[in-house]
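Below you will find the structure I want to go over with you.
Read from first to last, the chains carry the letters A, B, C and D; within each, the first residue is number 1.
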Amino acid sequence: MSGLFPNAWTVARREYRQRVQTRTFLIVTAVLALVGVGIPLLPVAVRLIAGDETTAVAIHSTDPVVQSQTVVALGAILHGDSDGTRWEITAVGDAAAADVRVRDGDLDGLLTVSRAGDGELAFDMLTEAGPSSQWLFAVRQATTQLSIGDRLVRAGIDPTAAGGIFAPTPFEVTPVDPDAKSPEETYGAAYMMAMIMVVLTFMAVLTYGQWVAGSVAEEKSSRVMELLITAATPRQLLSGKVLGTGAAGLTQYAVVVAAAAGGFALEGLVAERVLGDGGSASLESVNLWVLAPFGVFFVGGFLLYATLYAGLGSMASRQEDVQMATGPMLMVGMVGYFAAFIGLNTPEAQWVQVASLIPFFSPYVLPIRMLLASIEPWEWLVAGGLMVAFLFGALWVAARIYSAGVLLYGQRVNFRAMWRAVRVNR
Amino acid sequence: MSLVVDSVSKRFGPVLALDATSFSVEPGHIFGLLGANGAGKTTCMRIVLDILRPDSGSISWQGRANTDLPRRTWGYLPEERGLYLRMPVIEVLRFFAALYGVPAAQATAEVGEWLERFRIPHYRDRRVEELSKGNQQKIQFIAAILHDPEVLIMDEPFSGLDPVNVQLLKEAFLEMRDRGKTLIFSTHQMETVEELCESIAIVDAGRVVVSGTVRDVKRAMGRQVVRLATEEADGGDWVEQLPGVTLIRRGEDYLELQVRDGADPRSILAAAIARGERVTRFEIADPSLEEVFIEHVGRPAAVEEERHLAGSGRGVDR
Amino acid sequence: MNLRLLVQTLRWNRVRLLILMAASFGWGMLMPVIYVAFGDAFKGLVDSGVIPAELMSFGSGNFFTLSGALTLGLQHPMTIAFVGVFAVGSTVAAIAGERERGTLEVLLARPLSRRTIYLTVATAVTILISLVILALLAGQVAGVAIQGLSDELDLVQLPLVFVNGLLMWGAFAAFGLAASVTFDRHAPALGVTMAYLLVNYFLEILGSLWRDVDWTQQYSLFHHFQPGSILTGKVDLFDFGLLAVAIGAPVAFALIVFPRRDLAAPS
Amino acid sequence: MEDQQPAAVIHTTGLTKHYGKVQALVDLTLDVRPGEIFGFLGPNGSGKSTMIRTLLGFLHPTSGSASVLGLDIVDDSVEIRRRTGYLPGGIALYDSLSGADALDYLNDLQGTPAVRREELCERLQMPASVLRRKVRDYSRGMRQKIGVIQALQHDPVLAILDEPTEGLDPLMQQAFYSLMDDLRDQGRTTFLSSHVLPEVERICDRVAIIRSGHLMALQNVDDLLARRKRRVSLRWRGAAPELSGIPGLADVKTDGDRMTATLLGDVSGFVRAIASPSLVDLTIEPARLEEAFLEYYAGDDASEEVRG
């Protein structure tokens, strides 16, 4: 059998160009890049728009004491809330007029407070907001706090002492490594980051793996395959396909990730310019360079999946059958994905460590351990070695499936028939 | 040295797709591989191309085993046609040329020549999907020969082509032969075989039932056919009195006579003129290949289909 | 309507349908279980601030009430992926897919009017979606029963939830079918329909995550599927009416366009 | 209308179909008579399939009108399809069905009893054992046979067949020809397209040739045959016979004592002229329709704009 190159290169180049030049590719990439930039900037935009807006809630009560107390207390609680919403809490006497204003949209809500026979405070909110509305949620929480304070007072506890009851307990965490940032400072951001990485990996593997499988099936259904297979060896075709389509996928992926990274980088700056305050760049606290070695595993894992996708794709004769044929890969990918999600909460667990070494799962699980735990150098070596070994194994297996599969036409995907064909041929 | 297919057998599950198939093709010849649907022609071609490996037997070209030959020895036009529909013609062709290691500049120049010859130079930059079936077929033919293969193997190259395109393709075949190439093709149209092929093999149920030059194969039938029409529709009973002549068919306005080997067909014409018949039609022909084919392969095709089905899905002739 | 075509269309989908019904049933059963097992835990998690509260409230569903948990089950991205891909996938494949496989020509050669073909396929799709939604609801009822929460659920309201769900998914299916008869190729028909689905979903999610623009939800078909409200006894007929219009428009479009189109143009 | 045959089974008047700027059919007027086998010929992409699909109501004519079995192709296309049988070119079938199920399904949709099914299966050699298999396992030839059977199983008055022998081996071609002969004997009408000229010569009564959507010729096959050319070759001993006065003889090439020429039309004059004792060898090859057809086929390739 002749060597891989230059034919694999020829196939890859055609594959890459064909895909990158399509209008669909350009549009989808552009849209995704916009979304990538947009998501990090969205909170800024929200604050920008919401910044000028105030939520106006009128308080009405037949009991003027209750009314004024509620206005003060609710105002204090809500203004103390950190999410930046501006509140306008006013007292109204004319409930009917306020009712009209709510319906006209002048007021966001009319909160009627009354004291029931047993002394409990009861609240009734008239509003157009849906039950899932955030501000309504905030008001609801505030009223709960208000009620509890009220109950304490009625139980004879001094309101000033009541403050002490709810004060946070002092609890410090001292890291072993004094140079490391306090986990508390970065953990939340790192957690989010790890979650994003898992989702991104999953999407890349799933989407672009499907591309590879689809393009193999397309060559079969358009019957180009018979010409290809006489011109080049299955191994050349398979690796060219994986490299070309994979590179196209990674191109799109890189554009989108770069756009998103740009968005994150700009978030603080934009916030400062637009909002005047420093804002808080959500991910600045995470050292993104931690992720550099992960890039290698991402590409390796991606190629591993894509190779097997190509092999399985060769069993389908039509686009509709691709899903069926690549089902097993989807399952494997899902297992890694869910494992990673569970692992997010137990990054130090032993099974997470094992999973991070297995090539099919390492692209998912490694970022978790990198961001939320620590990795020994030997682990890198083992994971890397296994990845390379699996890649070659996958290429061998996939090429076998491929050389048998590409000439099977019209067959339902049948693994027993495949296995026979793999054994019979070559 | 010729292309030698030497007792090649290939079994797909319970079905023997090729059963000790042997034939040879002289270099520089056009060779017709004939057979009913499912006889094993495509399997045979794929084995020659080393896409499939035989269970036993061997193939050699110029004395070298096909497994040792570089892929660019062969050009292949498969039965089921397909190209990258979304790509411009020139790019598809350059791509296939590149797979065979042909430099882009050389490929471009040759594509130009061939498009000119096929009278479609203006389709050079069009996308393949914009072309008619006939023109796509021509592009596929060019794709099969751009790397200047020594042997060109084509599965049903004429199917679905209109007579003008058939003519162009036939001319291309002859041109390739004149360049010293060897051509092997299969078809169901016996007229085409008669016109182009020097020699043939008829495959039936994976076995070669007859092979050789077209003339020898026909002569081996041991008879010639004469069609005779005269102005007087007298029934022509006198013909049957002639030695070595049998009346095989009474057409609407002519008689079809079979002349046994050794008898002289011209004696019929002489006899007719001697009798004072006014001859309006006189044709002498070897039996047509169609007749040869039907004689050799003509048995209930159901058996063929059964064979085909039992072996289907395993790369058999489809 | 042609009975034979209907039966055959259903038969072609039977494997997918069975898989999907089983999955829907399981998924439906899962929700009440999750509610019992994790409802409180999630609430704690949200209160602790680790996960933004917004992430926990898709649509009108949440884990803190049974009806909320059920609603979440019906509106979860997973459900949308399940039912959406099926409703959209099978409808789009109905005409455009058959065209692409080349079998449309033999079908069209039969003495069936285009309207008959359209209405038959539409009926088949309605049956398919109904079965999937029924499986999902059955799963939920089963889950509720297993958890012994039957008294918390108002079974009388379930038929209304079914109709509401059928109308919403029917609206997407009707759109998909209209796309299917409009485009010759499978890919653009699927693309347009998926885009329609995603835009609707985006409007819904945007509104639920970002309260300042919750008006966007009004323009999402998802927002007019309100199992949560229906389960708690609040039925808004406007939702039903609007969804009916969202079905009617593409159906009318298809009935006008399909008979007038050139089909099976030379390929 | 049920019992009395209309004067023309297919009748088109100025039938025109444009795809955007491309003219697929231009002002096509022709008649297909009851009981004939009508051959519809033309280069690849000349508009044959467009014509057939317009007749069956898949495409809507840009202008002009046509009727099939006396029914308008736009208003009564369902009824037309009920009474005809159609074999699409390069037929695709439902892969997941068995051959028998596919035939059943298509026939159920047709709504007319499949009275000829058994006969057709036997003649085209599709035994029950084969019909039980899935269509996906079929070879090209077998798919084509299923295609022919589904088009004819309900014994339609009119069969429209697009390249019916494509992919059939010579044995099956013979079976198909004899089927066609029987259909004609039973008064059925067949409208078929083909590229194989010997086949057209053999089975068709009349042919229409179109190119770039234009009707180039509409003729009896017998008339076309009268225009055929034969290739003759002869060898003689001694003096060459005098051949100059023979009508229709052309392209005369002499090579020593051998001569080849083409002969147009009647051979009687030629045979009389050469009937001399010095004649050693004479071959007159069967006439081919090819040349006669190619005259109409040749020309610019503009037709290729339309794919079909």
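Worth a mention:
Everything that follows uses one rule, which is that a contact is a pair of C-beta atoms (placed from the backbone, for glycine too) under 8 Å apart; a residue touches a chain by one contact, two chains touch by 3 or more.
Computed from a predicted structure; not experimentally measured.
Comparing the centres of all chains, each the average of its CA atoms, the largest separation from subunit D belongs to A.
Remark: among chain pairs C-D and B-D, B-D carries the greater number of C-beta contacts. Comparing per-chain C-alpha centres with the mean over every protein C-alpha atom, the closest match is chain C.
Averaged C-alpha coordinates give centres for subunit C and subunit D that are 50 Å from one another. Centres computed as Cα averages put subunit B at a distance of 22 Å from subunit D.
The mean-CA centres of subunit A and subunit B are about 61 angstrom from one another, to the nearest whole unit. Taking each chain's centre as the average of its CA atoms, subunit B and subunit C sit 56 Å apart.
Each of residues 45, 90, 96, 136-137, 306-308 in subunit D touches at least two other chains. Residues of subunit B in contact with two or more other chains: 313, 318. Across the assembly, subunit A contributes 410-411 as residues in contact with two or more other chains.
Interface residues of subunit D facing subunit C in the complex, by the touch rule stated above, are 19, 24, 45, 49-50, 53, 56-60, 78-79, 81-82, 86, 88, 90-94, 96, 105-106, 108-111, 150, 306-308. Those residues of subunit C whose C-beta lies close enough to touch subunit D in the complex are 2, 4-5, 8, 12, 101-103, 105-113, 260, 262-267.
Partner subunit B is touched in their complex by these residues of subunit A: 2, 6-7, 10-11, 14, 18, 22, 222-232, 407-411, 417, 420-421, 424-426. Only residues 42-46, 90, 125-127, 129-130, 133, 136-142, 163, 166-174, 195-198, 230, 266-268, 271-272, 275, 279, 281-286, 290, 293-294, 297-298, 301, 304, 306-308 of subunit D touch subunit B when the two sit together in their complex.
Those residues of subunit B that touch subunit D in the shared complex are 35-38, 79, 119-120, 123, 130-135, 156, 159-167, 188-191, 227, 231, 266, 269, 273, 278-285, 290, 293-294, 297-298, 300-302, 305-306, 308-309, 312-313, 317-318.
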